[in-house]
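Structures given as structure tokens follow.
Common to both upcoming complexes is chain A, partnered first by chain B, then by chain C.
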Partner chain A sequence: MGKTETILKVKDLCVEFNTVEGKVNAINNLTYSLHKGEKLGIVGESGSGKSVSSLGVMGLIPNPPGKIVGGEIIYKGENLIDKTEKEMEKIRGNEISMIFQEPMTSLNPIIKCGQQIAESLILHRGMKKKEAMEEAIRIMQLVGIANPKARAHEYPHQMSGGMRQRVMIAIALACHPDILIADEPTTALDVTIQAQILDLIRKMNKELDTSVIFITHDLGVVSELCDTVIVMYTGRIVEKAPAKELFKDPKHPYTKGLLSAIPRITKERAALSTIEGSVPNPTEKISGCSFSPRCPYATDRCKNEEPPVVKLDESRRVKCFQYVD
Partner chain B sequence: MSNLLLKAENVKVYFKGKNKKSGVVKAVDDISFEIMKGETFGVVGESGCGKSTLGRTLIRLQDPTEGHIYMDGSDIATLNGKDLKNMRKKAQIIFQDPSACLNPRRTIRQILEEPFVIHGEKDKAFVNQRIEELIKLVGLDTYHLSRYPHEMSGGQKQRVGIARALALNPSLIICDEAVSALDVSVQAQVLNLLQELKEKLGLTYFFISHNLNVVYQVSDRVGVMYLGKMVEIASYDTLYEKRAHPYTKALLSAIPQVTKEEREERIHLQGEVPSPSNPPSGCHFHTRCTSCTQRCKDEEPKLREIEPGHFVACHLYD
Partner chain C sequence: MERLKFIGKRLLYLVIMLFGVATLVFILTKLIPGDPVTANLSQRALSDESIVAAYKAKYGLDKPLIVQYLLYIKSLVTFDLGTSIRTNNAVLDELQRCYPATIELALLSIIIATVLGIFFGVISAIKRNSIIDQIVRAISVTGVSLPSFWFALLMLFFFYYKLKVFPGPGRLSTSFSAPATVTGLYVLDSLLEGDFPKALDAFSHLILPSLVLAAFTMGLITRTTRSNLLDVMSTDYIRTAKAKGLNQTKLIIHHALGNALIPVLTVIGLGLGNLLGGMVLVETIFNWPGVGQFAYQSVMSNDFPSIIGVALLIAINYMVINTIVDILYGIIDPRVRLS
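Let's turn to the complex of A and B:
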């Protein structure tokens, strides 16, 4: 793929949360870049920091308790971390927008859906109310809402989960953002509706050339939708690879374990292989590789030293001692 | 597996609305099926199809509006008082959210003691011994007994939920989305545990999930539900090779799969599941079906056996 233009660059991002039980390093030295038109998937189990990484880009980490303690987020040559709240407001929803898991909690229950879409147009594009409303209806049509004129005057509770998620996507795409961050957008939906929403995101990515960061715990979804995949564990990227290669030939022991733990629909059934133990408590300090307590290949070195990020080829990175040298 | 464990006959569960206008929701509408001893009967369907209501009805957490549920010679649907309590020894349930179904103010030991207290077991030594057995059976250790639920991880809590369900040696366990709230790596551990326990203790599962991959992994036979109806019942192999109902086909093709080889040609379903309070006429699925005919709109298809052990409710197979 000839997508070379880098649109977003995250470098050594570290995020900390202050909790009752002490400091939690939600994200450690996160580094990745997003190209124009690319669909980047971020996968991981709960608590791996996948959501926090995207909230960081949007400048939405609640402070306190959270705080970006290091690194930079470069968008259009500027570091988003240095921006003031006012400046971020101009970017949010306009150049970078986000959709969330549960549309009901992200939509305003007492404002009509059409108005909620028009709001961002009025705010960012300086449109007049009437003009914005017309544009909103056009966008609703685009995201596959049947009879948009009537539905624009409905409230969120009058719509089904799938429709609400379409409204969310319409709001996010209203100003033709460069980047769409989707945080588990299909997790609350049924599979047949999920398939429709994934098709929609794919279509928007193609037609509007919007780059997508897709965050999910569902490896199947990532495999179907994304070009590149980042696998996260305890706030670190353990592996990055083109989707096709990652699922065919996973390198990191965690990715391997994760892939073999998914139940699959195949003719022959076998017991699932599992990863022993569970994700460590984030307040725990782990020396060495954070996966070493669960890793079947762990050596003494893994327990004492943090593994480096190894560059396997142009597009693949893995954080594991097995691939050093 | 020739022994019949449970037989449901024309089970209906209707929920009345607040007033006459709001109508009746037919959550479970005339469903009949059998569960054999030692098998895992999986039930899949999208939200609102009535799969959980059906599961709850089987152990009378929900009273059926009509119909019979036979287990061990008695009709669960009509049991009362003491008989109902005794029945519950034989059938237990594991819920989806382990944090919500464990009392946060009790220790794990107290939680596991409760089934014995309820069913009048007075022998303290026996209960303690049993609790220690149970906790080890589900892969935890005796030191976990003095902990509170909040001190445990999601997977551990679900293990406690399983131990509690096993306390009275039931023969049937309803697993209502038992692994849906768990992360993939932990989900695999719990699924393997359930499989192990089934073999060790000769259990029978009624396994409800919206996740088809999971149902496929554990089930011997699978029932597919849509809007309160059972549209297809088939064995694992049949469903894999010869699934018949258009909804089953669409549902299975909609699951995102990790590898290309497992991915199927996607059948795109238009629209959404209609409201169960006002289901479409005829076949409930006809509004989204790709092979819909006039007959589907007028006449409701009956669940019939198209080959031994394979039941389908669709006019295409008449």
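Let's turn to the complex of A and C:
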């Protein structure tokens, strides 16, 4: 990776939310890039800003209360933040698509599944109703829905969670987007169904050459699927590395903590290790490194100064004073 | 097929409910104090036992309660509601005379209330918390809380007496004679006669009372539409639709409105049921010969058969409308149809 064409470049993205308790910086100076065909994992706990960052790319941050206050999102050489709503509508679902966490509620209950897929095709491809429906059935087959002709005429409540997530993927991929953003698409599903959905995303990535941004809190899923991983904490990237290297040799104390918190079957039964403390309340202002209150290696410097992003090699970055020479 | 089965089931429920209501009305008439014999015969006739016996025999009052009940159900099945004591006409004929006037008024009112209510509701949901939303809120709250008789008098005062843009009370100007009865709806019957000016005149008579009656239901529909649309707009499936690249208009029309209007249907149904029962005050002020006026006159003269007739009519209205609303629910929402 890294040699191929960069398709999406997020630079210094800052997102603010207005809450009753005041302004919250949900995303702070987020910078990353996505290459063609790459599968990028964004990992973090709830509230780390991983979902907001992807909604930002889609131009779907609910406003109010949220607002992009700085940075750039460069897609095909153009800054998406400067685009009008009308221009974004042409990109959404067509060039950049998204699937969500809750397959049970993410489909319109009163519209047949086939129609919900066909709608994208009618909208972006200008297909006629009948033609779009035929194509929708073909896509349903592609995403592994058995008997798609009959199922296209079913309503969401007649399908299982796994099937609905396949329909969601079919909607997202209907127009062969360049980028698929998957926001915890397997969290609400059974483990066996999870594996099937991951396989499907992998297959689609390969066959359609769609780049994937995979957002999750599940490190196991990331290790199975992704090429590159970004670890987020309090709206900041704390570490970025190729997936294999990250799991073999985590650098940031937070990543280390996350990895040691994964239960292992091979280990003797012992208390699960956890990271001390909890994610700080977003309204709380922490001076220095935002992880320092929980970090076992924190020094006085960590508590007063924000650590820089250290470039370890061509593909690895870490935001920690430990690696500043 | 699945839809037909659903509709069939609803219609069967309707028949069962109608039977239940008829039974209930029968029991009520037997429970309330007051004897039809003393109510209807003169003092002199009452002292003559043969007349009392003959009267009882004529109306089956000498038979056991269960037989009376069966006779009552039989007469209902044959659409015989008895004779009005006040007018000496068959109650069914009386209802046939006054019900179309109420239907005409209720239909126009509910159309106005629905169109304006949904329009205002959608606008205020889209422009939530803006000045437009505030204005719409003021209009709908006013509509719900205005006493109808007072609003009716105001409308007559301004639009009839002062501005003279709309005609006064009644269904038709005195220069026209009533159209031949086909449907009983004057506008429709005039059109069927080919008398366009008369239809226009009948229609202009409808406007003021319809607006007055529409105000309340419109307010309710506006508020319900607004709150439901706001709920729906924050659902996950709307987020999905946005992620698909739909614009605001398509989003609302194709994805949000269908879901948001399901509860609004109930409000429209209740509103229509309410209007079809006749609005006594407004019909009296506008001198509208509808069910409300008939009910009022019947009550004032202790005309029991007519009162029962009106009660049954109102109950049937609600049941039929509820059944239609149920069926519409099923057509819009597949989850209702299948469960």
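Simple rule for what comes next: the second predicted complex is superposed on the first by the 320 of 325 C-alpha atoms of A that agree within 3 Å, B and C clash if a C-alpha of one lies under 4 Å from a C-alpha of the other, contacts with A are read in each partner's own complex, and residues count from 1 in each chain.
Throughout what follows, a contact is a pair of C-beta atoms (placed from the backbone, for glycine too) under 8 Å apart; a residue touches a chain by one contact, two chains touch by 3 or more.
Not measured: the values here are computed from a predicted model.
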In the superposed model built on chain A, check whether chain B and chain C fit or clash. fit
Touching A:248 in the superposition: chain B (first), chain C (second), both, neither? first
Could you tell me if A:94 is touching chain B, chain C, both of them or neither one (first, second, both, neither)? second
Now for A:223: first (chain B), second (chain C), both, or neither, which partner does it touch? first
Which partner chains sit in contact with A:160 here, chain B, chain C, both or neither? Use first/second/both/neither. first
Taking the superposition on A as described, I'd like to know which of chain B and chain C A:169 touches: first, second, both or neither. neither
Using the touch criterion from the header, give the chain among chain B and chain C with more contacted residues in chain A. B
Figure out whether A:197 sits in contact with chain B (first) or chain C (second), or with both, or with neither. neither
Counting only touches as set out at the top, which of chain B and chain C does A:120 meet: first, second, both, neither? second
Touching A:80 in the superposition: chain B (first), chain C (second), both, neither? neither
Name the contact category of A:137: first (chain B only), second (chain C only), both, or neither. neither
When the two complexes are superposed, chain B comes to within a least CA distance of chain C, in Å, of 10
Both chain B and chain C touch chain A at residues none
State the interface residues of chain A toward chain B in the complex, per the touch definition above. 45-46, 160, 162-163, 190-196, 198-199, 217-221, 223-225, 247-248, 257-259, 261-267, 269, 271-275, 278-279
Residues of chain A touching chain C in their complex? 58, 60, 85-86, 88-94, 97-98, 100, 102, 105-111, 119-120, 123-124, 155, 157-158, 168, 171-172
Chain B to chain A touching residues, read off their complex: 46-47, 153, 155-156, 183-189, 191-192, 195, 210-214, 216-218, 236-237, 240-241, 250-252, 254-259, 262-263, 266, 268-269, 272-273
Touch list for chain C against partner chain A, complex: 235-237, 239-247, 250, 254-255, 258-259, 332-335, 338
